[in-house]
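Labels for the chains are A, B, C and D, by order of writing; each one numbers its residues from 1.
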Amino acid sequence: MRLLLDPQLNPRTESGWRRRWFDIIYRHDTPSARNFDLLLIVAILASVIVIMLDSVASIHARYARELLALEWMFTVLFSVEYVMRLLVVRRPLRYGLSSWGLIDLLSILPTYLSLVFPGSQSLLVVRILRMLRLFRILKLTQYVEEGGLLAGALWRSRRKIFIFICAVLTVVVIFGALMYVIEGPEHGFDNIPTSMYWAIVTMATVGFGDIAPQTPLGRLVSSVLILIGYSVIAVPTGIYTAELASSLRESGREHPGRDRRGCPECGLEGHDPDALHCRHCGRHLPAAMG
Amino acid sequence: MRLLLDPQLNPRTESGWRRRWFDIIYRHDTPSARNFDLLLIVAILASVIVIMLDSVASIHARYARELLALEWMFTVLFSVEYVMRLLVVRRPLRYGLSSWGLIDLLSILPTYLSLVFPGSQSLLVVRILRMLRLFRILKLTQYVEEGGLLAGALWRSRRKIFIFICAVLTVVVIFGALMYVIEGPEHGFDNIPTSMYWAIVTMATVGFGDIAPQTPLGRLVSSVLILIGYSVIAVPTGIYTAELASSLRESGREHPGRDRRGCPECGLEGHDPDALHCRHCGRHLPAAMG
Amino acid sequence: MRLLLDPQLNPRTESGWRRRWFDIIYRHDTPSARNFDLLLIVAILASVIVIMLDSVASIHARYARELLALEWMFTVLFSVEYVMRLLVVRRPLRYGLSSWGLIDLLSILPTYLSLVFPGSQSLLVVRILRMLRLFRILKLTQYVEEGGLLAGALWRSRRKIFIFICAVLTVVVIFGALMYVIEGPEHGFDNIPTSMYWAIVTMATVGFGDIAPQTPLGRLVSSVLILIGYSVIAVPTGIYTAELASSLRESGREHPGRDRRGCPECGLEGHDPDALHCRHCGRHLPAAMG
Amino acid sequence: MRLLLDPQLNPRTESGWRRRWFDIIYRHDTPSARNFDLLLIVAILASVIVIMLDSVASIHARYARELLALEWMFTVLFSVEYVMRLLVVRRPLRYGLSSWGLIDLLSILPTYLSLVFPGSQSLLVVRILRMLRLFRILKLTQYVEEGGLLAGALWRSRRKIFIFICAVLTVVVIFGALMYVIEGPEHGFDNIPTSMYWAIVTMATVGFGDIAPQTPLGRLVSSVLILIGYSVIAVPTGIYTAELASSLRESGREHPGRDRRGCPECGLEGHDPDALHCRHCGRHLPAAMG
């Protein structure tokens, strides 16, 4: 019976330390579980800050050893946590191959690998992925519903946004090729991929200015591209806003006052919260709740 | 009877290979037609990538011959497809002069022309227009309805966006001339067209920085222009969002509350939740459920 | 009676050439009036293009005389038009002091003044204001209603946008002073007004890059300012979209189908356009119009 | 009784000059109170402009003494006002420790401190905080309701915007680390914090261009980041617009169709257009007009 409710629990550990640690690690509603979550958030943020600081040359020059020690401390901590997660769960392999399990593994592996392949900088990026682990914990808080609403609206907009990105990329390819022919390598438009990078930077109104048109014709074409981008930036906002407004309405958040009382006489619903009588037949309504 | 359903079919080819190829090229609901579509998408994307790679100096230096061979291969492929399209359709001339027919032609012509006028770089842009052919195929997929919704809202916004672009251009002309007088050629504002290019780049919040005001007065005027642009960027988004929200509502997506009662008499669905009678036949409806 | 309908008409000219020219200049619904409008649009656009071209050094060097001749031609044309407007109108002084009348005057005056004060460049900006005259003509076309809708929503948003601009300017002053202290003149933040210019450029996501933070602290503060600007750019869009959606709804554009038929039996309104029976009492409805 | 209405009034000063000055300083509905408010707005704006001008090197060189005298004049004025505020209020300590009281103190303290620690530039930023005092006065005008609507929508969006900022910062950390590895210090991506600064500048479409990718891979990754930012800029706008639209609707501005019928029995207004009976007392309502 218990197992049905907590299907992830390792059946060998109905009682004893495994049971206790399962509750601490995988549940989030007891004081010790909350302390564990909080500790994990602090450890993740601290380890990410250590990675950042280590990349600053002046800090690395002075505190390389201390930072390395901290990094190993966090790695050992996360390793212990990873092993515990595998031990107390009912299906360790399934957890290990899930996306959360892989992120857990990826966040400790690079430090061990750096013993084998020393000086490998690119492992650094992988280590920073441990930041994603924060979302597992955030997922379980009061923000989950709000986040779900936002993500739901994004998800329902996915097809429209896909079409939009396709249209943007087509414009980017055509204007990229056009600007490559007009401006050419002497003005920084070295080849079509570079021109396309410029077109994306321009159309999204970023405008680094590392590459900029210098011929009158190039500037005219750029102005047209900018005006297209300016009109078109409305599209994803429009898509998303319309979907989100629709979500909010569905979830009843837009009619916080509309109560659910039906008229006992004629069954009409949708009365104002301060209504005492049915607006259709005049019958006295039962008192509104909350 | 068959011809009425497939009006584009060449009447001379009610049966035989023409009939078969018409179905493959112009229809999209049989396995062979789908394979043809897929092959075409791959070929278009690959040929566009070849054009891009060929523009990179280092790649061109090493693989010029291979890329030229690929380009000719794709050109021959698209030529064969173009001829087939003309052969199997009922009115070849009409197809050839339609916008899709012209795009098909433009995507093969430049390669042939490069034999006559060698080294002509500007033909390259024309070749890249073949990317537009992708949309013909995308048009026929499940994305058509979503795309239609987006395009429909843009289309209904066209007058408002036209007025908006007119107003923006007027501001651009006036601020362009103003900045030309204030900053002058010594700070990069060489003439009014260049100043207008700067004003567009600034107002659309692109801000390359290739030209930037350097006098206090010029910076003050720029700040005003930026604040105008910042307030005004809301306008196309507002237009588009309002239209799109209206489209979504009309298409019934926003009325999740529309009940599912079908009229027992005439089967009509989509009644208002407070309807007591079918709006079509007047038959009394069963009570709506929550 | 006639005068009541055309109150601007000069009473001395109930008939004759003045009457005819009043109709041509001030009315917009006869063929000759439309031709006059069209001629005016072309002349305005052409004269603005002449001013632009004249500012390009290479063109000025070669065609200075031709452009000057054209400018004088347009000035004489607009002068004749201005005098005609004054002659045929009932209250010439009132027209001359109206905003349209002043714009008309400002668009011809600079050319005459250039005879008295030769080489005065700043008169050029004034001349380009003649572009505003286009709006008088556009005002009278089919775009007037759409434009009115947009302007109406902007007008109703004015207080909210004013508050928003105040809040933005306060942030700009505080962050400008902060960055001036942090970065100082050695990194281009010469004084607080310059820092404020930078803060506006940054917050509005223009980002010229002519001035950019170079200290770690300055970059941190910039990042905070950017995130504030990024969250806050939503506000004018939100204000405007909400107002515009409300306008569209009021103008009935959002319920293009909802007809105006009331039920003859129970008076219920708001039926679907395809309804044959009242959804409340089941009574047969009269046929919907249009 | 009087004290209940004006709870802030100092009880020792039921009459006399304190009473009079309390009315002038803390009330806003008498002519002298309005004149006081106006004077304060002018003094605040003038003193902020003095601080700005003093930071301009050329002006400081010529008018340092005059500006210092003005600064002291404003400081004395604000000090007198601050003391008056403390004297006439019922609980001076409570006022002094409120946020408005602290801002009042912070806006005069730096000038006195500059006597003790001369040449301290960073006090300047603190002085400019006196600009915030403007909002106390604006709060009491007709703009308060509009501002409350905007702030209310922002406040209700706070959780969603917090989640959004978290997601943006995660993307910033990951892309920052990625670009640090790809581009490295030789292209300006000196360390991860700098890379993160670049990622924020890029994602928010500011794009200073002081740091820009120069390798093909870096430009590809940048393009992906830009497209993410471009799609994601819609989210805060969507959140805010949906909340604001909801606020406007609740505040009755969006229900222009709400009819104007008052209940003949109880006088209640704001009935639904299809109401036959008063929703409060059940009395039959007169028929609604179009």
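FYI, a residue touches a chain if its C-beta (ideal position, glycine included) is under 8 Å from a C-beta of that chain, and two chains touch if they have at least 3 such contacts.
Here the structure is a predicted model, which means the values were calculated and not measured.
Visitor: Chains touching subunit A and subunit D alike, please list them.
Guide: B, C
Visitor: With centres defined as the mean of C-alpha atoms, identify the chain lying farthest from subunit A.
Guide: Here the answer is chain C, farthest from subunit A.
Visitor: The A-D interface: which of B-D, A-C or C-D repeats it, judged by over half of the contact pairs being the same residue numbers?
Guide: From the options B-D, A-C or C-D, the copy of A-D is C-D.
Visitor: Does the subunit B and subunit C pair touch with the same residues on each side or with different residues, judged by whether over half of the numbers are shared?
Guide: The interface is built from different residue numbers on each side, given that under half of them are used by both copies.
Visitor: Hey, which pair has more contacts between C-betas, A-C or A-B?
Guide: A-B
Visitor: What whole-number Å value describes the gap between the mean CA coordinates of subunit A and subunit B?
Guide: Measuring from centre to centre gives 29 Å for this pair.
Visitor: Rounded to the nearest whole Å, what is the centre-to-centre distance of subunit A and subunit C, using the mean of the C-alpha atoms as each centre?
Guide: 41
Visitor: Which residue numbers or ranges of subunit B touch two or more of the other chains?
Guide: 193, 196, 205-209, 233, 237, 239, 241, 243, 245, 274
Visitor: Quick one: label the inter-chain contact graph as line, ring, star, complete or other.
Guide: complete
Visitor: Mind pulling up the subunit C residues that touch subunit A in the complex?
Guide: Touching subunit A from subunit C are residues 205-209, 237, 241.
Visitor: Which residues of subunit B touch subunit A once you look at their complex with the stated criterion?
Guide: Interface residues on subunit B, with respect to subunit A: 48, 51-52, 55-57, 121-122, 124-125, 128-129, 131-132, 134-135, 138, 143, 146-147, 149-150, 153-154, 161, 165, 168, 193-194, 196-197, 200-201, 204-210, 233, 236-237, 239-241, 243-245, 248, 253-254, 256, 273-274, 287.
Visitor: Write out the stretch or stretches of subunit C touching subunit D in their complex.
Guide: Residue positions touching the partner: 159-160, 162-164, 166, 170, 173-174, 177-178, 180-181, 185, 190-193, 196, 202, 205-209, 212, 214, 216, 219-220, 222-223, 226-227, 229-231, 233-235, 237-239, 241-243, 245-246, 249-250, 267-270.
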